[in-house]
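The same chain A turns up in both complexes below, where it pairs with chain B and then with chain C.
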Partner chain A sequence: MGRYLIRRLLLAAPVVVGILLITFLIKAAVPTDAVTAMYQGQMSEKDAAQAIAALRAKFHLDLPWYQQLMIYGRDLLHGDLGESIRLRRPVVDEIGFRYVNTLILTGVALAIALVVGVTTGVIAAAKRNTWLDVTATTVALFGISMPAFFFGLLLILVVSVWLRLLPVVPHGPIAILLPALSLGLIEAAPISRVTRTSMIDVLRRDYIRAARARGAGELSLILRHGLPNALLVVLTVVGLQIGNLLGGAFIIETIFSWHGIGELAVNSIKWRDFTLTQAIILVSALSYLFINLAVDVLYAWLDPRVEIQA
Partner chain B sequence: MLTRRRLLISSLAAAGAAAGPLPIAARAAAPGSANIRIEIDPEGLYNVQSISLIVSNVLGGYLLERLVYLDEKGEPKPWLADSWQTSDDGKVITFKLKPGKTFHDATPFNAEAVKLLFDTILDPNSASPSKGIIGPLEKVDAVDDMTVRFTFSKPFAPFLGLLGQSFFGFNSPTAVKAAGSAYARHPVGTGPFMFKSWTPGTEIVLVRNPNFKQFRPDAANQGLPHLESVTLRVMTEEGVVASALQTGELDIAPLTADAMKPFDGDAEYVIITDKHAKNLMFMEFDYKKAPFSDRKFREAISYAIDRAGVLQAAFGGDGAIALGPLSRGIPGYDDAIAKDDGTPYDPAKAKEILDSLGWVSKDGGTRSKDGVPAHFTVRSYADGTTERALAVIQANLAAVGIQVDIGTADWGSFYPALLKPDWDMDLNRWTWSDPSVMSQLFRSPGHRQLLPPNAAIDSALDAADGELDFKKRMQDVSDAQKAILEDRLILPILTDWPITVTRKVVEGYRLDYLGYTYAGDLKIAAD
Partner chain C sequence: MSAALDEAPEFEAESRLAQFAARFLANRSAAFGGLVLLVLIVCAALAPLIAPHDPLAINPIMRLRPPSAEHWFGTDEVGRDLFSRIVYGCRYFLLICLVAAAISASFGTLLGLIAGAGSSLADGLIMRLMDVMLAFPYILLVLVVVAILGPSLWTGMIAVGVAGIPGYARVVRAAVLTVRREDYVEGARVLGASRAQIMFGTVLPNVLSPLIVYLSFATPLAALLASALSFVGLGAQPPAPEWGAMLVNSRTYLFSAWWAVAAPGTALFFAIFGLNLLGNGLRDVLDPQS
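The block that comes next holds the complex of A and B.
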């Protein structure tokens, strides 16, 4: 297990280098940088030439892309993510707390997605072909089809404007409710569908029949014997869902003014603030690598049949 | 173009409107405070480092004050300055300051504060975007505590008007020096409100300046600000902003014409349009390339554009069509020149000119001349408004036998790409408060390096930029408008009016000539 983890972590290194390389190549292909984007359309470029040149030199934007990549790599190895060109402050200061905010949002959303998705999936499977099943499946179909930003706005309209249950932009701990619900309920839909299918499959197995023959109650049959086995498939889906959640957070954060990394990513690209974009890409990539690894390890731990080979 | 996103959002807005007038919930805040929407989080609240629109609005409206303000006609009037004198050669301007002003940190406002601001801007190490705006300024001297002298390399007429902009609002020297690079997160000015806190991406809280003295005679409230506090809420998504106005969580919100619709005609809200808006949407050309090098051809295209149609499509009619080369909101705009020398929508005339130039069509389709079809490209920046405007322009040009392909990219890609000569026409939009915007754009070689020298235009622009007497300068500005328009360098289209929706409990919301809020006048009536 230990050797497996080390091997996976070593394999992550070329992935990170590859991501850095690709983003630098994209940057080289983009015709502007943060400094020109900041100054253009605001003043005569001729008069500003001196200021523009000074700022570009400060951020090494006057060098060819591979030299910039080398400088960036060197700083990175020293633990320095650089300074945002537009915000004129260290990238770490700007990203740190936002990343935590995004993790909190996706974490709560994932919890909502799991609770709602698994519960409805199990009910639908247990009460197969009844009105409960049909309702759950139909609602899930809507959930899968609906874009998160629309669902978010709909939630605001119903919960805040019509019912007046929550403020549009809540403060304090309840602030997370609306964005987490918008993200979580949408992601609950595929989890519900997969749980249902997997559960139906498991409930047909011999060991369930055997347990029933031994006189196990229907509830224990589903929760003790069926669910743990059905959840293995769900786990794989959840691993993929986390990626969706992080992606969906980009939009939901903007709608709900949730101060996360997604909102910053969108702005940093708009501003051409490459140090910022680069750091966000790096942090997101590392998150994905870590989540994938975590799901694989968890899988082996939950299912003894899966063996990890170093 | 109706995207899926827009369709969904407008159907939601319609649902909201269909629900009818809604009961207003109890206000979250006390009547002594107002919640105002800002579209994005400012990058930093230090005017030396940033002059973006959002930074200017926050600093200029609430926190910082300037030497002058612009009156109803756009003429500079004393604010923190008591008076000023210009030397005979126009190269030296000396300001006397009004005594008795203090910064929010209780330090006095004086000549040193003025000098520090301009010295910092002029210092190349600051890389300040304001430096280019005051190009010919050489040095600033504090003659005594209440006297400041500005020295220029040549007479620079835009300076006085530009002094009214928030880029030249004053920061406390003590606070700037003490905070260093952190100053942009803790601005200290002399304005009616003081900075209290900033939750990045969420809100900026400002509180009443208890020692405020109003030095600006055109403000309705000459005493302390009415409100105890102002919260500027960062809200990007317009659908959410509309909801927050309905629940009373926002009192004042700038909105686009699309998002404003549900509030139109609702007695609970007031819709305010800024008719002093200083933007201009216009088309320009690659003047080095045939047929756009020909004044007559440019004229034909100018007659072909249905500006009222563009205004309706792009901004729902909120604005004014433009026939002159200067935005109506800029001092010196001359309506007579626009009327006499402009090119109002007249497709018949456009066709007639094209025929006379030899651009003909046998079957009523695309014209051609010497075997070359009239098939060109129009570039612009990607935005809902420009895309809808371009759709109308494309149809207008097709109607006179000119076919155009549209290409849009975001501003950061579009604007620098204009320096490469692979385009024919572009649709552009500039906002500036001073008539010198004409020299930025159209003094040869022009802002995209494509204009051949034109003695008549260049000398008219130079005269307007060098005349320090306001009245005489306005005459020069008229001459420059005439010269540019006669040469058909620009195809003016429209000025759009920014829209603000306020709840009816808001009193005293108005904007000055430069578009800044009279923050001390703001008041919230009891619900």
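The block that comes next holds the complex of A and C.
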């Protein structure tokens, strides 16, 4: 297990370097716009030119790219993500609480996606080719085709406007309900599909037939003997699903004014605030990498055959 | 003699095409998906004939009217006819699909071919680069490209296309690795075909099936994302009748005019749904093992 973990960490190292390089590109490509835009029309041309030069020096835009890259790397090693151009304060201060908000949102959404997806998938597999299965499969296909932002708006329309179950602008803990449902229910669709396929496969295995021969009840057959084995396969797609949730959060946060990093990322691109964009992309990509690593290690721990093959 | 030889493969290709068409039409989900695609193409091509109103014509007197005989899907916040805008929106939708798929498929296929059939150095370099791109969740990668190029309709489409490249590269490379050991590839090599001839003439036609199946799944996803970009203001800009962009302003009127949200949202849903069904069907027809 230890050796597997070390090898996975070593394999992740070049990817981390790649992520750093790609986020660095964001800065290299949008240098002058943001700086010029800030001062346009606000002062005389001479003052503006001076201010722009000062700002360019501050963000090291006057240096050759390789020196900029070295400074970027050095600052990151010191935990310094730079200063937001627009908000004029350290990026870390701005994204800290937003990162937590996004984690909470995606965490709750993942829980919803897993509960709904696995339940419907198991039911569809157990009642294969009945109307329950057909319904679950069709709904899953609907979910895969549904734009998350449209689904979010539909939820607001039905829950808040037509049924009046929730205030339109909810406060307190219930505020998470609609955004988490929009994200989670959509991601439940692929999880449901994978669970169904994997469960059907498992239910054909000899050990299930053996358990049935020993007189195990149908429910215990599915929940105790089938499900744990079927879930192993589901786990492999969870890492991918978290990526989708993280990505979906960028859209959903905007609709529901959930103050996470997704909402800020979209705004930072509009503002052309490259330090902010850079930091958010970097933090999200590293989180995603780490989560996938954790999922893989968890998988290897649950199913030791993986370690031998790897 | 040589004329007969030239004709033979053509005849065979035709019958294979006919076989494919028959299987395609027999598959319900493929046929339905194909129908949706056909409707989209017809609407896009004949938009000026189908749409009863100018999609950009503002009419303040007719603001936020519910669906009626005159305005089938109602009107939006400045009195534009929603049905006409939906019809014109098909153009944007197909344009996005085409541009995104063209970028991802061409570059992805090329990189996958080189990685699979080229030297191990090229393979290593290309696939490490693809790994780094795949280390980003899809939307995040799209946002990186948008951040670099600046937000607009075209950069949105390009971004979605570029972010799709590694997926294609992986699929094509995997297919090439199984094909390159086949006897007919060895045969072409023995006959003295150049590396490029083997890659494009011999290997590429034999990896088309997995490529098309992947294309049919990746394209609706790309279109979904491009609309999402427009929705958050990083893609097509209002007043363009792009379905995602149409939702930007109308969501403010969700409480008083639900149809202004429902029309573009439902259009987008059906288009994506149709393409997904088409993908499912194509997979069953082209790749019976899975």
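By our rule, the second predicted complex is superposed on the first by the 284 of 310 C-alpha atoms of A that agree within 3 Å, B and C clash if a C-alpha of one lies under 4 Å from a C-alpha of the other, contacts with A are read in each partner's own complex, and residues count from 1 in each chain.
By definition in this document, a contact is a pair of C-beta atoms (placed from the backbone, for glycine too) under 8 Å apart; a residue touches a chain by one contact, two chains touch by 3 or more.
Given the structure is predicted, the values throughout are model-derived calculations rather than measurements.
Engineer: Pick one for A:R89: touches chain B only (first), chain C only (second), both, or neither.
Structural biologist: Only chain B is touched by A:R89; chain C is not.
Engineer: Going by the contact rule set out at the top, does A:V233 touch chain B (first), chain C (second), both, or neither?
Structural biologist: Neither partner.
Engineer: Tell me the contact category for A:A300 with respect to chain B and chain C: first, second, both or neither.
Structural biologist: After superposition on chain A, A:A300 lies in contact with neither partner.
Engineer: Which holds for A:Q50: it touches chain B only (first), chain C only (second), both, or neither?
Structural biologist: In the superposition, A:Q50 touches chain B alone.
Engineer: Could you look at A:T254 and tell me whether it touches chain B, chain C, both or neither (first, second, both, neither)?
Structural biologist: both
Engineer: Name the contact category of A:R272: first (chain B only), second (chain C only), both, or neither.
Structural biologist: Touch status of A:R272: both partners.
Engineer: Could you say whether A:P167 touches chain B, chain C, both of them, or neither, answering first, second, both or neither?
Structural biologist: Touch partner of A:P167: chain B, not chain C.
Engineer: Do any residues of chain A touch both chain B and chain C, and if so, which are they?
Structural biologist: Overlap of chain B and chain C footprints on chain A: residues 30, 147, 149-150, 153-154, 156-157, 161, 168, 254-255, 270, 272.
Engineer: Which stretch or stretches of chain A touch chain C in the complex?
Structural biologist: Chain A residues touching chain C: 14-15, 18-19, 21-23, 25-26, 29-30, 33, 141-142, 144-150, 153-154, 156-157, 161, 168, 243-244, 246-248, 250-251, 254-255, 265-266, 268-270, 272, 274, 277, 281, 284-285, 288-289.
Engineer: For the complex, give me every residue of chain A touching chain B.
Structural biologist: Chain A residues touching chain B: 30-32, 36-48, 50-52, 54-55, 58, 86-89, 94, 98, 147, 149-150, 153-154, 156-157, 160-162, 164, 167-169, 254-257, 259, 263-264, 267, 270, 272.
Engineer: Please give the residue numbers of chain C that touch chain A in the complex, ascending.
Structural biologist: Listed in rising order, the residues are 128-129, 131-133, 135-140, 143-144, 146-151, 220, 224, 227-228, 231-234, 244, 247, 251, 254-255, 258, 261-262, 265-266, 268-269, 272-273, 276-277, 280.
Engineer: Taking the complex as given, what residues does chain B use to touch chain A?
Structural biologist: 5, 8-9, 12, 15-16, 19, 22, 25, 28, 40, 43-44, 49-52, 124-125, 127-129, 131-133, 135, 181, 184, 199-202, 233-237, 239-240, 243-244, 246-247, 249, 410-413, 415-417, 430, 440, 447
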